[in-house]
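Presented sequentially are two complexes of chain A, the first with chain B as partner and the second with chain C.
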Partner chain A sequence: MAELHILGQLQCASKFYDKSFIFCRYSFQAGPNWTIVSGCPEGQTVSAKLDYEKTAVWAHPVDIHYVTKGVQGWPKLILQVSCLDTIGRSWIIGYGCCNLPAVPGPHTIHVNCWVPSAIKLTDKVRQYFVGGSHQLIQSDIVNLGLNRSKLNTQSKGTVQLQINLILRNFSQFGVEYK
Partner chain B sequence: MRDSEITKFLVSFSGQIEYVSFPGGVFDDQLCVHYEVVWGPDWSPMSGLTSGTSQMARSGVDPERVVFNFPLEIVFSSTNVSGWPQLLVTVRAQNTLSGDALRGYSLLLMPPTPGHLLTSAPLLRPRAATVLGEWLAWITGKYPELADPKMLASGKDNYLLRTESYGSVSATLNMISKDFRKLGYDNQPPFYNTSNTTYNTSNR
Partner chain C sequence: MNDFNRCNKVSGVYCLKHGISDLKITIKLKSQDSIISLPKFEDYSQGSNALKLDTTTEEYVFKWQEKIFSRWEVQRYIDEHNCITDDELKYHENVKNIDYTPGKIFTYVHEDYYLPLPYDTDKKSKKGIFNLETYLEQLNLNDPIGRVFGGEMISTMHLFSSDENVMDPVEWMAMHVVFDNSDYNEESQLIYKQEVTLLSLYHNLTQNYLIMTPDVNNLELNPYSVETPSGVQWGYQYAIDVEFHNLEDGEELVMLLNKLHKRWDRKHKHFVNFHMPPPGKRQYYVALEILTAEGFDMDNLYIEFNIKVPEELQCEDTLHGRTHTSVANFIDFTEEWTFGHSLELIIEADSGTDPPPLKLFFEAISTDWWGRHRTEGYAYLPLPLVPGHYTKTMSCRRPEELDIVTARSRRFFLGGCHLIKDLNVLIDPHSKNANFTFTTTGTITIRWNVISQSRMGNIGSTSAVSSSCGASTASALLRGAEAALYKYKQARARLAAATKQLVEPSGDGFVKY
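Let's turn to the complex of A and B:
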């Protein structure tokens, strides 16, 4: 069976102009052919303070080993960015999803995030003064393109990833990836 | 040895920790760098030092950076890519008044592709959990430290540790592998993947 190693870091989040601390929950999702041999496919970063450039640096390491029987359902990374304010409340300020590249070597990936926006005026006023946000009940809408037409969203910042991919034995099975 | 008998691959990392830079200037008398290499269960170091401490250095004409030029040279052998070595750099400051204090931790992945690489990684340091602690850190100039900095390299159990980031560490790293591709691994980026070079040329 072919193997895929994902090494790298969740580097930082930029252009999130929310509260002072930002953290991220992430999960790698892959199709039914893929099984994880080692590594943790989901986790949570430290909560980093925005620095002078309004960037929150996590430098969260990722090391995942997949074994696969087919290329359908190539792994995706799903991100959920949250903020933490000074009195310990947290809420979601961004959803994002990206497909991992299939080419070995180093990659820098920028994931642009969005969040469901407040529509009612009262919600907008409350979010401005009190904080809080709308969040998705079914978060699989983030990685699937279904049922998004009734969703109102607001643009948010960018999460930067540095990913190194190492593939094994793909060419033995006739998979042409480069 | 025939190809079918190969079970291990060797990876050699060499390079140096070039400098530490702080964008607002270095306000400490002297800085020092301590590095540790953290690796997974299937890996074992063959030669070289897996941890070390640099000289005490101060900034020169450029007030924003402190040059260390601290060499690293490590050879690893492994049977599995998972648990690829990471370099954990701790930057400490030595001042006449406040004594020894932490300036930050920085985590770098050792390059998984052959070749020469200049990387920089941000420094991050934990913040005090309480307002009083923050105030004391500001007064004394001593910031909270992690009891086990290697927990940063595992990425688990951080329980929403609050951190802040200031400055960065730059390092040059080379990677050479042996028997890596014989074992079926492919870590070579394709030659047409010139996104970095096109980016550079468009900048010029």
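Let's turn to the complex of A and C:
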């Protein structure tokens, strides 16, 4: 049985210009062959204030240990970036997804985020003055490679992930990853 | 507190895994430690002065439905004239044939019908308060209602009657262990009958469970006292113990261990069985992401992708699709469209051959507020199936008319560009007689992972991977060494088989050639 260790941190978010405090909910998802031995695959970062470079640093630690009986369903990271306004309201300002690399060693991954955009003028005006956003009812669309051409979105910033990957016993099963 | 101590008898319900025939009931009886049980002065006036209490414990063991006769039952059944029914005649035979010495404790079995069953279904069905049919019969309303609803054939009548027939008839079998405190004269004739039930066992034959009243207890810690229903104690304490299945200690342990081993084995196989490609095949797992697009003229952009798999490879995944439509994010006066569209491909190839690269075609398309879709640029990427993690920014281009005025006018008034029907022109532009030029537009950034997997011990696939990777990895070397060792063993076995007859010694001690 092969093993994968994911060690690292959700480093920061950048280019989210419109809000002052942002935080992120994350979830590692893998196929049915994969089983978590230790670590929490889901979590939420702290709420961080954007600095003068419009970067919010979370430095949220990630430590997950998977065992697997197949390479299919390699783990993915799914992100949901939310903002927190001055009166305590929060809403989603970005969805993002990335495949984790299969090459052992350190990696810096930039996850590009997007959010469903307001189509109607009234929605745009309300979001501009009052706040809030459209949200996905089925969030699976973020990580599944389905045809989503009818979804209109607004491009948002990026989340930076710094991870170290350790792979074990994959070679025993004839797996080549680099 | 006194009431609590007196009411320490609680019932127990046991689900039986096996039959009840192996049931073994043990009653331990001892006289109660009280002032009544103290020895009399006369008993010790001539003997030693040591004060000894009579605390001997009597133990009675019964099987399920084992009939033990009391003293008055022996007197009754020994006379044949008292026996009328078949059971009584059977008891008469038993008492007559066996020299019976009745004790303090005896049993009533199910055939005796002395004590009631815990749940009389017939009684309930006849006297139940919710029995609608009974009420209808009592009120003589059955016929009028039947006439109103059109007789018993209609479903409404079944509805009325169905509530009572939901429960199947429940069969019970009972056994009672009874303490005999009756008074007898010198000829064992019954003077005054006094008996109290120590233990009642009710076996539900339908559901196969056992109700014990009272439950199993401990003689030292929680003894039951022998007392009448009104609470008069008869100076004895007792304890109950039940053994359900007469398995040997080791046998049960072996059964448990076997079950545990089976479960462990199943779980172990579930984890250890690594998914492998079929023999002679190599699988490639490609995880592709379309990340961003930059530098295009128009907004509301989406990427349409088309993946062409060479004939030598097999892929059953979706090879065509579109990302979502994205509105640009302005960063440092440049527009960036983010997608984060991921797709996974599982590609199968023959091992031992270099797999040809996949052909990826991308088309950036913008939409305007009229809903028109206009192509902004094309990109092509040959994706080699080399294991690793890669990021690539592709330049897009769009075909434009040779006449620059026509091209600009078309671009200004209509937008978009010539549509390429055959995308192979992107692979080799010279192969087509195209009367247009290509203009560079924006860029598309993609990221992909390739993992390959094949069965171990395949030299051909190893060499293929090594050649395609350009640099052999440690695992590939290890696999190559193992494969070479395997081949060597095979060759040695073949040599041994071939030379076996040649060097076989004959009976006279010489070697035949």
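Going forward, the second predicted complex is superposed on the first by the 177 of 178 C-alpha atoms of A that agree within 3 Å, B and C clash if a C-alpha of one lies under 4 Å from a C-alpha of the other, contacts with A are read in each partner's own complex, and residues count from 1 in each chain.
Just so we're on the same page, a residue touches a chain if its C-beta (ideal position, glycine included) is under 8 Å from a C-beta of that chain, and two chains touch if they have at least 3 such contacts.
Note that the coordinates shown come from a computational prediction; the quantities given were computed from them, not determined experimentally.
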item: Fit or clash between chain C and chain B when superposed on chain A; value: fit
item: Which superposed partner A:122 touches (first chain B, second chain C, both, neither); value: neither
item: Partner chain(s) touched by A:74 [first = chain B, second = chain C, both, neither]; value: second
item: Touched partner set for A:171, first chain B, second chain C, both or neither; value: both
item: Which of chain B and chain C A:103 touches, first, second, both or neither; value: both
item: Chain B versus chain C as contact partner of A:138, first or second or both or neither; value: neither
item: Which of chain B and chain C A:21 touches, first, second, both or neither; value: first
item: Chain B versus chain C as contact partner of A:33, first or second or both or neither; value: second
item: Partner chain in contact with A:154 - chain B first, chain C second, else both or neither; value: second
item: Chain B and chain C, minimum CA distance [Å, superposed model]; value: 8
item: Chain B and chain C contact sites that coincide on chain A, given as residue numbers; value: 103, 170-172, 178
item: Touching residues on chain C, where the partner in the complex is chain A; value: 270-276, 285, 287, 289, 291-292, 300, 302, 304, 318, 321-329, 331, 336-344, 346, 387-389, 447, 449-456, 465, 469, 473-476, 478-479
item: Partner chain A, residues of chain B touching it in the complex; value: 23-24, 40, 80-84, 86, 106-107, 109, 111-113, 121-122, 124, 127, 152-156, 158, 160-166, 183-190, 192-193
item: Interfacial residue positions of chain A with respect to chain C in the complex; value: 1-2, 15, 33, 35, 67, 69-72, 74, 76, 95-99, 101-103, 107, 110-114, 117, 142-143, 145-158, 170-178
item: In the complex with chain B, residue positions of chain A that touch it; value: 5, 7-9, 11-12, 21, 23, 37-40, 43-49, 51-52, 55-57, 59-65, 84, 103-106, 162, 164-172, 178
